[in-house]
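Order of writing sets the labels: A, B, C and D. Residues in every chain begin at 1.
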Amino acid sequence: MKVDRRSFLGLGLGAVAGVAVSPIGIKLTDDSSIWSQNWPWTPVPVDGEVTYESSVCSLCPGSCGLSVRKIDDRPVKIEGLAGHPVNGGGACLHGISGLQYLYDPARVKTPLKKNGDKFEEISWDDAIALVAGKLADIRKSGSPEKLACIADKEQGSVSGLFQRLLKTFGSPNFYTMPSLESYLELTAEVLHGEGMTIGFDLENSDFVLSFGAGIIEGWGSPVNCFKANASRKERHAKLYQIESRLSNTAANADKWIPIKPGTEADLALGLCAVILENKLFNSMAVANFRGGLNKLAAALQKNYSPSKTAEITGVKVSDIEKMATLFAKAKMPVAVFGKGRGDGAQSLKELAAVHTLNCLVGNINKKGGAFVQLKSDYLEFPDESMDSIADAGFAKNKTGRYVSQLIEKVNESSKPVVEALFVYNANPCYSLHDAKSVKQAVGKVPFVVSFSSFLDETAKEADIILPSHTFLERLEDVPSGAGLAKTVVGLTKPVSQPVFNTKNPGDAVILIAKALEGSIAQSFEWESYDECLESVAGGIWDSLSEDGYAIISEGIPSGFVAVNVSYLADNPATIQAQGDDELILIPIDNMRLINAGIAASPFAIKTVSDNVLKGSDSVVEINPLTARGLKDRGYATLTTPIGKARVMINLNEGMMPGVIGMVKGLGHTLNTKHMSNKYVSNKGINVNDLIGPVIESGSGLDAAFGIKVKIFKA
Amino acid sequence: MSERENKTENGSMESVGEGTAGEEKDDKGLGLGVIFFIVAFVACFLSGTLLFPKLLYSKKEQPFNFDHALHVGEAGDCETCHSFREDGSFTGIPKLATCLDCHSEEVLGETEDEAVFVEEYVLEEKEVPWYVYSRQPDNVFFSHAAHTQTAGMDCVTCHGHIGESTSLKPYEENRITGYSRDIWGKNIFGIKKNSWDRMKMDDCAACHKEETGHKGYCFQCHK
Amino acid sequence: MKQNNNKAHKFGMVIDLDKCTGCGSCMVSCMSENNVPFKEDESNKKDSITWMRVYKLTNGKSFPDTEIAYLPRPCQHCGGKGDHGHSPCVSVCPAVATDYGYDTGIVSQIYTRCFGCRYCMGACPYHARYFNWWDPKWPEGMENYLSPDVSPRMRGVVEKCSFCYHRYQAAKDTAYYEGRDDIEEHEYQTACATACPAGAIVFGDLNNPAHQVHQIVKPDPHPDPRNKHIVGKSRNPKVFRLLERLGTNPKVYYLSEREWVRKQGDNYLDGEWDKIKNYHGASSHD
Amino acid sequence: MDSALIPEGAKRCSFPKFAIGVAIVSAVVLWGVFAMFLCWFKGLNQTNMNDYYGFALWIWADLAVIAVGGGAFFTGLLRYIFKIDELKNIINFAVIIGFICYSSALLILAIDIGQPLRGWFIFWHANVHSMLTEVAFCLSAYFAVLTIEFIPNILENRQANKVPFFHHLAHNMHGVMAVFAATGAFLSFFHQGSLGGVAGVLYGRPFAVREGLLIWPWTFFLFTWSAAAFGPCFTLLVTKITETVTGKKLVKDNVVHLLAKISGWMIVTYIIAKIIDTIYWAMVTAPSLGFSLSHFYTSNGFYGYWILITEIVLCGVVPGVLLVMKSTRENPTLRLIAIILGVIGVCLNRWVMVLQIMAVPVMSFDTWALYFPSWQEIATTVLPVAYGIILISVAYRYLPVFPQEHELNYSVEVEPVTEPE
């Protein structure tokens, strides 16, 4: 027998046939497909018991109630909390994507100390000791006022602790970032007196005259505004939107009145003029005006006749007259101010002029009108113990009235105006105008402590970062403000164990205070922030802890509200944009982005239109008439007096000719050598790098509504 | 097989063609070819049936033995430990907390396994990493409530008589898919005798078809 | 009817485009609910997975007469021609990875059955179907927020909106456990509907006259006499469906007072709109 | 070197020359294979396809190679069923071309699907309503038939044929080839048709959708007819290319003329049907859905009326007429122009029925989607071409593909067969 080719053939065929009828083939085929259906690198979420926890969102001043769905101990979904007095179900996209902040691996995971241009991890004990040591030195040198703090707001117990620390330390230099609430208080102060604030009863008003307020762009308490706006049709209420751009609010409004950028104050005064001239005002209300109504009326007749107003604003005379009449004759009219979200630059002239409309028609503290009342003060901090250094330092004048002035002073002075700076929940190096010079100023401060959860633009400039818990990991009282008709304090609760080695910023402040010893430590005798909150929120704590919120005021405020028109009677000048070019660049607020300190989440960025962000390019809106040679989706170079940028063009009929719109909230630079945040960083341009501050004389506010710009094909 | 038989057989095979037999030499080769064929066939078939499963599955021991029969005796039924939550979802393998309803830091019985349980898990507050014989892929949604509460099925139909067992069998993990051998079934051909012998989708579908007249829409059981 | 449930639901949605602000809450709620992945650059909208996508419509007029509206587009859960369940995508899938639930009217998508031929994507005129061109990747630690109710998809398969079917499964689970036959309207709501801050999205059973969707849509039970493929046309003159003329019979309805918005719901030859805009399929049956 | 394998009496180039040629083309194959592995291991993100372009270059290549591979079934049908005997002289080559086309199509499909390991679901979990299921079944079955049809030719290799079993097997297979040809024709009718149906049933896509007969839209029949019409053009074209490359005449003119004539008549009848279909679709089907013809051909950067005119007139009517008329058909240049136009025409038709369908916006607020393939897509599409060249070279070198080769080239010169080195 000879083994030949055929034997091998037989062997081969036999093997094939044997394998074919054995289960190998079918089993491997099946198993390989099951493998592909359950690839080990595709995550499998762990199942468990479903529970819901309620909390409050503090990403923006909206203070919406949240319901967090958890699987065992793991939060997996955030939704609006049904029945909550602010949002009553529903939530905005940023709140819903809150878990992307919680679990973000680009968070500051542990205290960091700057060494050269790098950050080093240090322990909490070392970090607190370092900060306290530095502060003690400043105090010893006798100028405690050189400790400054920039926070997002004045309200709330954490901000209260910062203020308390500064005061007991001996510094008056506590600053807040501009916010709608701060403008509301300022307006109230100028027209009604100190310690007041304003809310708008949008959900009942039958005629809302909005001077660019982005009612569905994130203005005020966003979800609350969305709801008020959505119910408009059923209530037969009207919304007139005065704005240079067809924003979503303008598109959703009953009428859009395009206006030359920066002339909103003039239009408001023009409307006042018509109302006064035609005696459309509420005479009972006007009878109590102080501060020179006649002087105001005369000035308005002279400077803001309908034809003059039309010339200034670009709004037709007929529209001006019609609007004034409609507004004055509506049952429950309300005029709202705060361009965009109301947290950008604003001029006091505009704020006062618009609110004067409310005063003229007498809708103050009436249903559907503007509610003017005392600021809520629900926290009862015990009296501070002040030593002589503290008394002397605290009695000094603030370095500047607003944060932009502080920055200016720091930049101007050759000697350190500020020796140490605390930054909490704020990102001035990103969100103030001319961000580059802000960064320069912060860089000049010898010792900067950031309490940020993220390595944001300001935190990157810090010497020490004491990372905060996100709002999902901490207990905190969250007072609503932001123009809501009612005042609600919500309670943010830790729905998750801290993901990283972070602390509640309140605890961090208490630890610093304790480390400073003496009278400062005596003013911070709580064991922890949680204990502090429970004691200072005494009056409402039960309600907070049981219901998750406490309603401080609701319904129409009672009592007489004085009106003083002296500010406007002095005929303040209208702000002009910086530069001499023909076109004007204005910032746009977009609901899907965040303009405050933090970057929008990956989910939110994902929803942004490719007409706003394309790759890493910002897209600017421009009317085809203005675009001249520029092509849709082509590139162009924008040049303003303070900056230059390459942008993509979006030809947009909703943009007023002569105006270029650029979205706010892009252009974060959060990447560092060690931490990449590619999902939200280096996307587009920060519009604040292109617009510089313009200070309104009198008020001292940065009131730059835009900037003159040149645009060329790139 | 004799050469002669070989020749005839090959001849008949060839006759499918033109009927002309090849040369003598070729015939022999072909005869040998047949033998080789049969040997290879049998060898491959047997290794595919007997050896292959040994290679495919890796045996894993459970953290410690669990006596179902004993526990059923104590608790009375399956649902005490394998319970429903208030929202109708099923807890599956009990968490440590459920065990601690009866167990404590002190050993109740006399087995070594309980000692392991108490020492390594109860005292350490660690969940027991059981291998689950009936674990299904992530894309499966299975409503225990629909089957046991509404349709009135018993546990045995799908899970067999595990409640009567005194020891846990070794967990055989499919090296490719990562799932238990119990899903495909002990029988490598996938032949089943009892309703609990296999837990593939076809088994669900067959039962649904029989009981409801329709094997169901995709989303009834997938997520 | 091919089904094993005596009470057939027909889950559907009506979206009020006058209330919709284009805020994007529905999109994010959907992504968060359904474990939708994200990647570094999502600005190419042609490969960006958004089960719910909000389109921006414009009336095409120039400044200052231009108007805009937003149109959220989930999967339309088409009933197919004559509402027989042969949705454009379902009928073409070669491996039954997507089927029509005759008991709910929901078009499923089974990621593990799908082998990624993408024929269904070609069949869907709404671009509601998305392909996983990449492996889904979550930044380290972020996979902690993934929900176990929806299985994450692997690379190479198609996914789409499921009307949050897992919420129906959960609601049914509870109902089974409590010995109830069926579920209440509020027990099964999609993630987009619950998230919408403007309350623009209403979800429910189109077959149930007690449900809000039914009351708004007033679906015509008879086929449209002008086109027998069309079933369930709304008898509300302000309500329309997307591309209704194709006979896909979507279960997502849209509501708008604005005529130009309604007109953009479908394609019309020159002058055709004016002839049929006041036709709502009602007169012939009421 | 490899002379023992070369058919008896045939002259072939030297082995090194052949090897170098094959090596060059193999480099292209390797490039394609590299791209293929990239697609398999990294996923389809290697392509420029997107959610608007779920079907793109590959599906077009698939449809195109199957259309031009239609020469195999149609020639087989004519040769074995209609007993047109002359075609035996080209049938081997037609089968090889078909084999290349169909194996390429299957390979491309294996790359194109997102989950190749689950590709078998199309058979196991088949949805009988899906045209793609029909395609998969018929395509695979017909590929099996083509393989069977190809086997006898392989077995006729000089060495293989020495084995009596193979010799007889080849002989007997020839005997029953009519059965396979009939099966092949039947299967081809359905898969060519169902490929047409793939587009025609898309009632969500007004550019694609067609009315039809029973469950089959008109595109079903048009695709079958066009494959039968243009497939022979491709067979003739490849034959012509092979003749040019080898410098030998391989098929007699009468055979070529006959096939060209049949193709011509098929094209003419097809194009009449296509014109009627287009007019009906443009005048009735699309308008009933609210679309005017201009919607599909304007306001975008690529798809204009030119593509419609090129496909139907320049690459349909013109080759049809050229091939039908005896004078032009028998003019080698005009015939070549006609078959080239024909091949372009059918490929263009498949392009339109895949890519333009995806490009046209359907929702009134949607936009045109244009796409350009990535290099990986191009490489994997070129891969089958290179593979085809190699297979044809090898087959030509070692198999008696052209029965008339000897007669046409060597019979006159009485020259002994020289062994190349």
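Throughout what follows, a contact is a pair of C-beta atoms (placed from the backbone, for glycine too) under 8 Å apart; a residue touches a chain by one contact, two chains touch by 3 or more.
Keep in mind it's a predicted model, so treat the numbers as computed, not measured.
Colleague: Nearest chain to the global Cα centroid?
Modeller: C
Colleague: Select, from B-C and A-C, the pair of chains that is joined by more C-beta pairs in contact.
Modeller: More C-beta contacts join the chains of A-C.
Colleague: Where the centre means the average of the CA atoms, what chain is farthest from chain A?
Modeller: D
Colleague: Give, as an integer number of Å, the spacing between the C-alpha centres of chain D and chain C.
Modeller: Here chain C and chain D have centroids separated by 40 Å.
Colleague: With chain centres defined as C-alpha means, what is the inter-centre distance between chain A and chain C in Å?
Modeller: 33
Colleague: Just the number, please: Cα centre separation of chain B and chain D in whole Å.
Modeller: A distance of 47 Å separates the two centres.
Colleague: Listing for chain D: what residues touch at least two other chains?
Modeller: Expected reply: 115, 118, 121.
Colleague: Of all the residues in chain B, which ones touch at least 2 other chains?
Modeller: Each of 26, 87, 89, 137-139 in chain B touches at least two other chains.
Colleague: Which residue numbers or ranges of chain A touch two or more of the other chains?
Modeller: 32, 35-38, 44-45, 47, 50
Colleague: What residues of chain A sit close enough to touch chain C in their complex?
Modeller: Within the complex, chain A contacts chain C at residues 36-39, 41-48, 50, 69, 71, 74-80, 87, 89-93, 96-97, 99-100, 102-106, 216, 222-223, 226-227, 229-230, 233, 246, 248, 251-252, 256, 258, 499, 591-592, 602-611, 613-616, 623-625, 653-657, 678-679.
Colleague: Tell me, which parts of chain B touch chain A in their complex?
Modeller: Answer in residue numbers: 26, 28-30, 32-49, 52, 56, 85, 87, 89, 91-92, 137-139, 174, 176-179, 184, 188-190.
Colleague: Which of the residues in chain A end up touching chain D in this complex?
Modeller: 29, 32-33, 35-37
Colleague: Mind listing the chain C positions that touch chain D in their complex?
Modeller: By the definition above, chain C touches chain D via 44, 46-48, 55-57, 71, 81, 86, 88, 91-97, 113-119, 121-127, 129-135, 154-158, 242-243, 245-248, 263-270, 272.
Colleague: For a test of understanding, state which residues of chain D touch chain A in their complex under the given definition.
Modeller: The touching residues are 115, 117-118, 120-121.
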